[in-house]
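Alright, structures below, take your time with them.
Look at the two complexes coming up: chain A is in both, with chain B in one and chain C in the other.
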Partner chain A sequence: MSDHLIEFKEIAASNQWGAILPEIALGVLALTLLVLEIFLPKNRHVLIPRVAIIGQLVVLVWFLAFFRAGGGYIGQETFGGMLFHDGVGQVMRVFFLVSSLLVCHLATISLAGKQVPKVEFFHIALVVTAALMLLAQSNHFVLFFISLETVTVGFFVLVCYLRYQAIALEAGLKYLVLAALSSAVMLFGIALLYGIAGNPLLEGSSSDSMNFGALNAFLKNHPESNIAIIGMILVIAGVAFKIAAFPFQIWVPDVYQGASTPVTAFLAVASKAAGFAVLLTLVLKVFQPMETILVPLLSLLAILTILYGNIAALTQRNTKRLMGLSGIAHAGYLLVGVIASLYVPWAMGAVVFYLVTYLLGSFAVFGVMAHLSPEDGTGDELEDYLDLAKNRPFLGGVLVVGLGSLAGIPPLAGFIGKLLIFIAAFQAGLYWLLAVSVFGVVLSIYYYFGWIKAAVFQYWQVSPEEAARSREWPEISSISRLILGTLAAATVVLGFFQGPLSDWLGRL
Partner chain B sequence: MAEISESLLQLSVFVPIIFGGILLLFGTSANVFARKLAFVGFLFPALVSLWLWFAFSPDPETGYAFLTEVPTGLGIVGISLKLGLNGISLPLFVLAGVAGFAAGFYALVSPAERLRQYLALLLFMHGGLMGIFASVDVFFFYFFHEIALIPTFLMIGIWGGRERHYAAMKMTIYLSLGALLSLVGLIALYVQSGATSFDIISLKNALEGQSIGSVAQRHTFALLLFGFGILVSLWPFHTWAALGYGAAPTSAAMLHAGVLKKFGLYGLIQIGAPLLPEGAASWMYLLALLALGNVIVIGFVTVAQRDLKQMIGFSSVMHMGYCFLGLACLSAVGVGGAVILMFAHGLTVALLFLLGNCIYQRTGTFDMREMGGLARKAPVLAAFFVTAMLASIGLPGPGLANFWGELTVFIGLWQYREWMVVPAVFGVVISAVYGLRAAGNIFFGEETDEFRKASKGKTIHDILWFERTPALVLLALLILVGLWPRSLTDGINETVAPMYGGGDVAIEAADATPGSAEGAASYGFAERLPTCCAPPGTEVRTAIKMDNHSHE
Partner chain C sequence: MNIGIHEFLATSALLFTFGFVGVLVRRNVLVVYMCLELMLNAVTLALVGFSRFNGTMDGNVFVFFIITVAAAEVAVGLAIVVELFRRRGTVMLPALNHLKH
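So, the complex of A and B:
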């Protein structure tokens, strides 16, 4: 008994609350929103989203100014080995904060004038963000699973937030069933790994076998263990659901289409990026001894994911489904980067760089989409983008930059991301993966440029068809202009000059 | 002094791009300001390119002049913005500057709607073109190509003629495929060479130490050859070209056909063939056959065209065949000829697209069957067009640069495979057929009824000042190099001879004067080109006689 007490004492002593101050701040902010809803008079409730956004902005600025080096905890385990703080984790924290900020801004556009409670959306988004930040730094399967489930449960609510729409409910149900299935699969994999690595009869076993370090030490001794291999495959399958890799991508088009635009953006960017942050940790720090099985497995996933995503997107006319399916293809390229990082250390930085460019490009596109589809479920077809550049040249320009970056066209940031992954893949000798990626990029030009074509190419004279489809074009607020303009400008600047970001990533 | 030239080189790339950005972001609807700004943006690189041509004196160690390096943050994979010029890139840099000015000047007065955006895209394209040929870093070479390519897509799609949507999509997908193949080839080259930097000089140094294995060379060169080949419309990957040019607005067609298309050839000449000699040697026979396909098959296709713009487009595809043939020789003579021909052809085809649009402005149609007798109303335009056509055919008559290019290519080809000279020269006959017939159809003979109908109520002006200025600029450079080829060939010699080692003659000469690369160069190549404007006929005879001599 007393032994356990001493152990608890030691663990408690390692509870460095200072290390997770940003997450705590987000949690407090989320609760503050609920408190404000109770105490503010009804006509002041419009302030709450602003509080959410300004609060996050403060956290972000504070983080970049004082916490960029992880508050002095870099390279340390905290909370009894639950968390491990490294450079990638810090970049990902900023990444999730920025995406959450952008999602909140899009939500103020999309939710405006809808008969749904507003405050809860921001509350859940903040909680999900904090969980994502913890997920990216988790070093133990317990915390890993709990934060993953916090994210997933949050998304259940967000996906069917517009609950009066049948399409949103359908999307929510699909996401719920499939996410639950994938969680179950992953949990079973974790249990298998825990069981085998915790078996005291085996060499290298550990009493704390859910700890990534301990598990890795065990796997080094038993890389051929069948139970461990099955466990690994199941865990990877669970992560593959998050990143929407083939064959776990089946939920993507319907859920993306049904969810409201900010949620789709959140799923497409933050949820996918979290999956990759986790995958990088798992592949490099845990399952690395099982390389001989891991590499063929991931390679197969990558090839099928790239081909599926691009081919399925070719004939797509609905922009949300198109973003979903092309996002699958992006997951495929990122998987190539993850595989390369097993052989080429700097490839990890390339994956993170790609994620950053993907964030910039995707949010630029989703920002335009949020403006163009005031009623969710409408305004999402390519036909709705006809004459966009003529009537709203600003949105047209942002869309062209965003899509061009996603397509990987120089001089935009997305191209540099793809280039780094390609170079890494070549250095790692992954020629087949490289060939498939290039093929995929060429296919992607067709649908991305098809979208640009719909938005930008038009006759200057007003044709009868155009007069027939004339409609109201949305007004763009100056804050939206600022945000979308910044996203587009950052995409262009990162295409020419990568200095600050690559310096940061180079030190990872 | 030297530092000024280096900064000018950097500025010539970024001034158009920055001005384009300013036009896009801060322009108001006032076209006067936009025109003035754009004019400076177009003129500056042209003047810089001419100045650098004049000031060019390469560093004997690297072969480059005006080298500068700016890190951009991709040091981890050896990429930095390294600019400089050598003997191969200089002519094309000048071409990009001058053709860009001509195309830009013509665009300034074009009646395009949304002129500001149109000029901005054209400025991006101009900056990208300057960057392609100024880049020593292989990555930026590719990067600037794409900067120039994407505006083409938008310009065709937004301001283009008939079938523009289809043409824009087809061209983009085709060219993206080619560009990506060549990008993978370039990455393969970089990784296999073991160099720590993407720039050509360090790649070359790394490969001098240990060259790549011959199998890997063959595969890597295949990527480069087919990737770049698609971009240069190598037969049978040419189907995007005429379609795209047919739909493109005039200035875009001038710059794409005239300058941007040379990217692929330049890549093969500057990077592919010298760095992967074994790989290149194993593919050259196939390349020569495909290039003959360009000359003969596309030659006949061109003859069959009735649409003036399509005909010019196809003729540019056909003439790329000669450049490829020059490259296929893998000798200093052939490659040097290819570089001169690229330069001359770029000016010529830009001129032809310009004049083609001038004709269209007057006749209201591109269909040559509906034209006739235009020379009576526009004699100066007729003179310009006939001169440009003669240049394009490669006739020695008017002292134009194309002739020297084609002649040198033929000489190189004779050394390579004698029989190939026969179909290649037959190609000149084909060009003469369609070129002269086009000139005859449009300008001479009786006015047709269709023409009268189309031009009813309009007075037909002769060539106007804003058409004449760019045409004169292009023609002047063409004649300058035609009469004084040495202004270009000296630089080309110096760079090409050590890279390609010259043909048979050059090797003999090198034996005679051991250790002297210059001796080899001057004997192998420069002596074949006239150094002043002597009667061309005599030069031809001496050159060919020397060549026969070497084979006996």
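So, the complex of A and C:
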């Protein structure tokens, strides 16, 4: 057999389809939804979102029961080095499945009664989730780029899903232009890295130079190469767009405000978490030899991000923009964790733990928001939350727990998440970053409590004519009660007892 | 004249800069799209140049993926622009400021 054939045989043998069964399952489910739309009679179409949610629940339960160890592929490269399965990847898979489930549930609330096709929303959400899961495990720039773009193009459609609203289209257009700009910048970085690491005249070059391992081996030999440094900066800039770090955060407030609530939640949680999963991989496994440039760069990003996010959020009265701006601040704290993970290995677990607490807190808040703003673009102001706790004590309670956790009030989960990151930063000797982060947390308490105050302590000043047209409060279905209650309860419990989750993360 | 990797890279960097500046300063959405495409094509040129110089096919193959993704992006993007034009009657960026600041 010729050499080429042998090589081909080896690559074919590394196509372990069993390793990506969860992603395949999601893809099949997504296509099933479209088929059901064709074959089910019109009056049965309400069943399709339920099929999507139940299908994802089945995948999630199956994953947790039988696939938690990555189906036995942990520590292996599959598909010719395209994918690498590690512990973080498995946690992120569960993370994305859970967030997609919650997004689908929010979508059933917020799309109800709107004149838009419903099935496609769930289809795209599932495809995006599958791509996110692959992204978190990618080990090669080609797969990295393809899955990143699948996510991004999916989000273009989701952001302007309510296309009869001009503000949704405007948000979608802004997201599209800036996302395409950032992916072009990142691609140029990838091209430079590919070119320099594949240069046959340089020592340590590789014929497969877009593979993360091969690139890392090359950078170990040439950490001072100018082209490689420019390439690294451009790639980090592309990822910084995803996590909305300063100065790539300009899209956040507008897009969050224009998109419908479930999509905002999806962007805020899953897209940001994917950015961090990718950043962890890139920083720890690829660019680690260039620490001397990487650490000051990321530190500067982190400081500016924390300050910008918190200061811009201080005067914000629109809740969606507030979530976006405070989300920028959270990205800053997470960046501190990523930097710390270069020095303290367990900081990686702290970053993932923070992401989990951020998921629980954010979805609790977004869940309440989805109930309160039936028409998107209305009901988003802080004034709309007056009297919430008096009229809907359940929603008020969930909101307080969610916001308290995001603000980092002990004993809620968000406090433990911040504490772990700060301890890691202290152990890594990042005192300046620590000081800025603590300052940021203090600022954040101001605006989070402004929101809590509006919902709980402030009362609507009733004038007689306004009392006559008192606003309607939404009804909460029992399934929503169950889900929001679980999120709030998990936030409280995780604050006291980290047990199995920290065991799982400790083994990363 | 012998065309080597430096000429490829210089052209690519120049195109990329044109595209980047264009995205930042132009006001018409369609022109902004064209500038984005220019940036992607600059990357494509760099990849092809490196691929030839390094003697590996990875860069050439990657180019096909980039073209595919760019097509998907523009398909969605133009749909948004058409829909937006129907609602607002304009495709100029300064007019798209209805989301409050």
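Of note:
Following the convention adopted for this analysis, the second predicted complex is superposed on the first by the 493 of 508 C-alpha atoms of A that agree within 3 Å, B and C clash if a C-alpha of one lies under 4 Å from a C-alpha of the other, contacts with A are read in each partner's own complex, and residues count from 1 in each chain.
Assume contacts are C-beta pairs under 8 Å (C-beta built on N, C-alpha and C of every residue); 3 or more make two chains touch, one makes a residue touch a chain.
Not measured: the values here are computed from a predicted model.
In the superposed pair of complexes, A:F422 makes contact with chain B only, with no contact to chain C. Of the two partner chains, neither chain B nor chain C is touched by A:W62.
By the document's definition of touching, of the two partners only chain B reaches A:Y446; chain C does not. In the superposition on chain A, A:V438 makes contact with chain B only, while chain C stays out of contact range. By the touch criterion defined above, A:E170 lies against chain C but remains apart from chain B after alignment on the C-alpha atoms of chain A. Looking at the shared chain after the overlay, A:Q498 reaches chain B, while chain C stays out of its contact range. Once the two complexes are overlaid on the shared chain, A:M210 sits against chain C while remaining clear of chain B. Listed in rising order, the residues of chain A touching chain B in the complex are 346, 349, 397, 400, 404, 409-411, 415-416, 419-420, 422-423, 426-427, 434-435, 438, 441-442, 445-446, 449-450, 453, 456-458, 460, 496-503, 506. On the side of chain B, the complex with chain A involves touching residues 24, 71-77, 113-114, 139, 142-143, 146-147, 150, 153-154, 157-158, 164-165, 168-169, 172-173, 176-177, 180-181, 183-184, 187-188, 190-191.
Residues 5, 9, 12, 16, 19-20, 23, 29, 32, 36, 39-40, 42-43, 46-47, 49-50, 53-56, 58-59, 61-62, 65-66, 69, 72-73, 76-77, 80-81, 83-84, 87-88, 96, 98-101 of chain C are the ones touching chain A in the complex. Those residues of chain A that touch chain C in the complex are listed here as 141-142, 145-146, 149, 152-153, 156-157, 160, 163, 166-167, 169-174, 176-177, 180-181, 184-185, 187-188, 190-192, 194-195, 198-200, 205, 207-210, 253-254, 257-258, 318.
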